[in-house]
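There are two complexes below, and they share subunit A, which is joined by subunit B in the first and by subunit C in the second.
Coming up: the complex of A and B.
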């Protein structure tokens, strides 16, 4: 069992002392949380929320990391295998994996994301059943695995066989939808920093997922968040794990390229 | 521009029979349901000169619609001189908008703002066509009814 490490980032602690006003935001050096104008949702969050993320003892998401670590060691399924049995120490074998997913999977001729890769090992290599989307064990394992890349730069591969899926994700991102007829760009590109009533719009970055949301009082997947953004414009949603959401997940990873994996980030 | 555009749109017929009659509109009832009708309105000089209903708009009802999250939800994007805790900043303040724009201009702004600005973030409140993947519970329904549009226009005109 890995004990949560109390990590204090000096730069961030300094930044957190500065009041979170839109006008002040331009002057803040966000350190690794801003790369060439691309800003993590961390930089749009309230100072109190950032402080929770910065303290592993406060960050509720670490409970999912711990739970994932337990699942990693435990034997599941007909074959009595554990993830650890094949992959050894996750801190080594899984380091960097979460920073590059989703990836093109030749055997499926499409993209596969981390949740799906976990379930692929369960069903194809362990004789176990797939974990349901958004179920506690799948969230815990995804959070645990992506946590192994915490601090590493998001670095997806978007060329080669991934290119057409990247393009589909981009098209999804720019398409107006729903009764309110809005695309992701309207909120997350044209209006980041602006207020949507009580909510401060960020650039909609994915580098902190699965994320601990104060509103959810728990950890949620990126696909749950995207579905929520679809619902907010009164659009018909897709199922979590759908090709549409996995493709836009790759596009979001490209938008967040260079930003650090924050899993589990803390957001409102 | 003197270009006159005619737009067909679907709107809920319930309660709008008077409006439909007043505009001399061809009413197409979808067989069986009796809820949906196709109506016309006329856009002229970036405005809709004729009211959508025969009943004049009520500014008090309009104020309630503007604040209501389930209906106008205008505060999600606009500052409005009403009592509220939070205002959005993606759109301009609507303070004194009634002095800047007249009823006809405000009507088009609400009915279909993309005629004014194709890139706008502001939703069309009285439109059901040309939308993509509307959630089933909202499909075929405009965000506001014709009478609600008139009520909101009447409210905006009080902001001077």
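Coming up: the complex of A and C.
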């Protein structure tokens, strides 16, 4: 998908006379990247960064998608099974999956996210070992799966059995933490759009993960990003895949509801 | 090295420049980072050279340095008078290389 280019409307008011001051008020139509005031991180990224994401050739995240596609077809584990063996064409069977995860898993009596579902399949059905968190194959497979939903609206289910976990995620998001005593909302709701030192604060939307981050020189998971945020406020971090992070992942998906899945997005 | 990605227009006009895009997966370890566990420097391992040839004739080359990011992406323009084949080659510090080919169809 080549993303539609945002239309830039620049109003230039030039004062006639001795000096000519141009005051530019920017009113940008972000197209699908803004839904009811909820703005994708895309809209906070620099034009150069957006250009990389818009070009599937230039977007380094697609390298992980390609690796994931290979893994999808490859037989793993003792049973000689591949993902494709059961699920067939990922473009069909996995379309929409990335848009609704994480979901409530009755057998676990809690939420399960995409990485955990992949590893559940590997250990319980394929006779393979679980992939380590943030390992190349797990990132590649997660990116590949979520990529199948690119362009679809993020649409998590937050009611029914998922409701208490959603509430826990919301509590995590709004709770002050760390030596800086900041909650997620202080940056990403009260100050989104403002500068934090040299960086513009986004609304903290999760619709582009796993994301190709220029700082990381590669693709990283949402949980890695949340950990980074927790470290930035000098708080105790939780393990990737911990209940805390999976619950907040659901809350983040709800915050980003209606925004398109951008995986793999490109951010600084 | 991993399989590179190459993009050349399907049809080009004789004597008119066309854009070629190449991207390869490589960690581009700068040699300036330190392994936090051991305190030792992580040795430099970058792609230091890229060459593009059209029917054997060099049409573009680049020497890369440690400031280039991981997964280097290059875009450049080439002019062809007749149909031929572009050949690309990447070389890294270990002496490892990767190659790719692409047909150029002049109309």
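Everything that follows uses one rule, which is that the second predicted complex is superposed on the first by the 242 of 268 C-alpha atoms of A that agree within 3 Å, B and C clash if a C-alpha of one lies under 4 Å from a C-alpha of the other, contacts with A are read in each partner's own complex, and residues count from 1 in each chain.
Throughout what follows, a residue touches a chain if its C-beta (ideal position, glycine included) is under 8 Å from a C-beta of that chain, and two chains touch if they have at least 3 such contacts.
Given the structure is predicted, the values throughout are model-derived calculations rather than measurements.
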Subunit B versus subunit C on the shared subunit A, clash or fit? fit
Check the residue A:161 against both partner chains and state whether it touches subunit B (first), subunit C (second), both, or neither. neither
Tell me which partner A:63 touches in the superposition: subunit B (first), subunit C (second), both or neither. second
May I ask you to name which of subunit B and subunit C touches more residues of subunit A? B
In the superposed arrangement, does A:218 touch subunit B (first), subunit C (second), both or neither? second
Minimum Cα separation, subunit B versus subunit C, post-superposition (Å)? 17
From the superposed pair, tell me which subunit A residues show up as contacts to subunit B and also as contacts to subunit C. none
Report the residues of subunit C in contact with subunit A in the complex, numbered from low to high. 2, 5, 7, 21, 23, 25, 27-28, 69-71, 73
Residue ranges of subunit A touching subunit B (in the complex, touch as defined): 175-182, 186-187, 190-191, 194-198, 201, 231, 234-237
Applying the document's contact rule, which stretches of subunit B touch subunit A when the two form their complex? 75-77, 85-90, 121, 123-124, 131-136, 138, 141, 143
Subunit A residues touching subunit C - in the complex, by the definition given at the top: 57-58, 60, 63, 214, 217-218
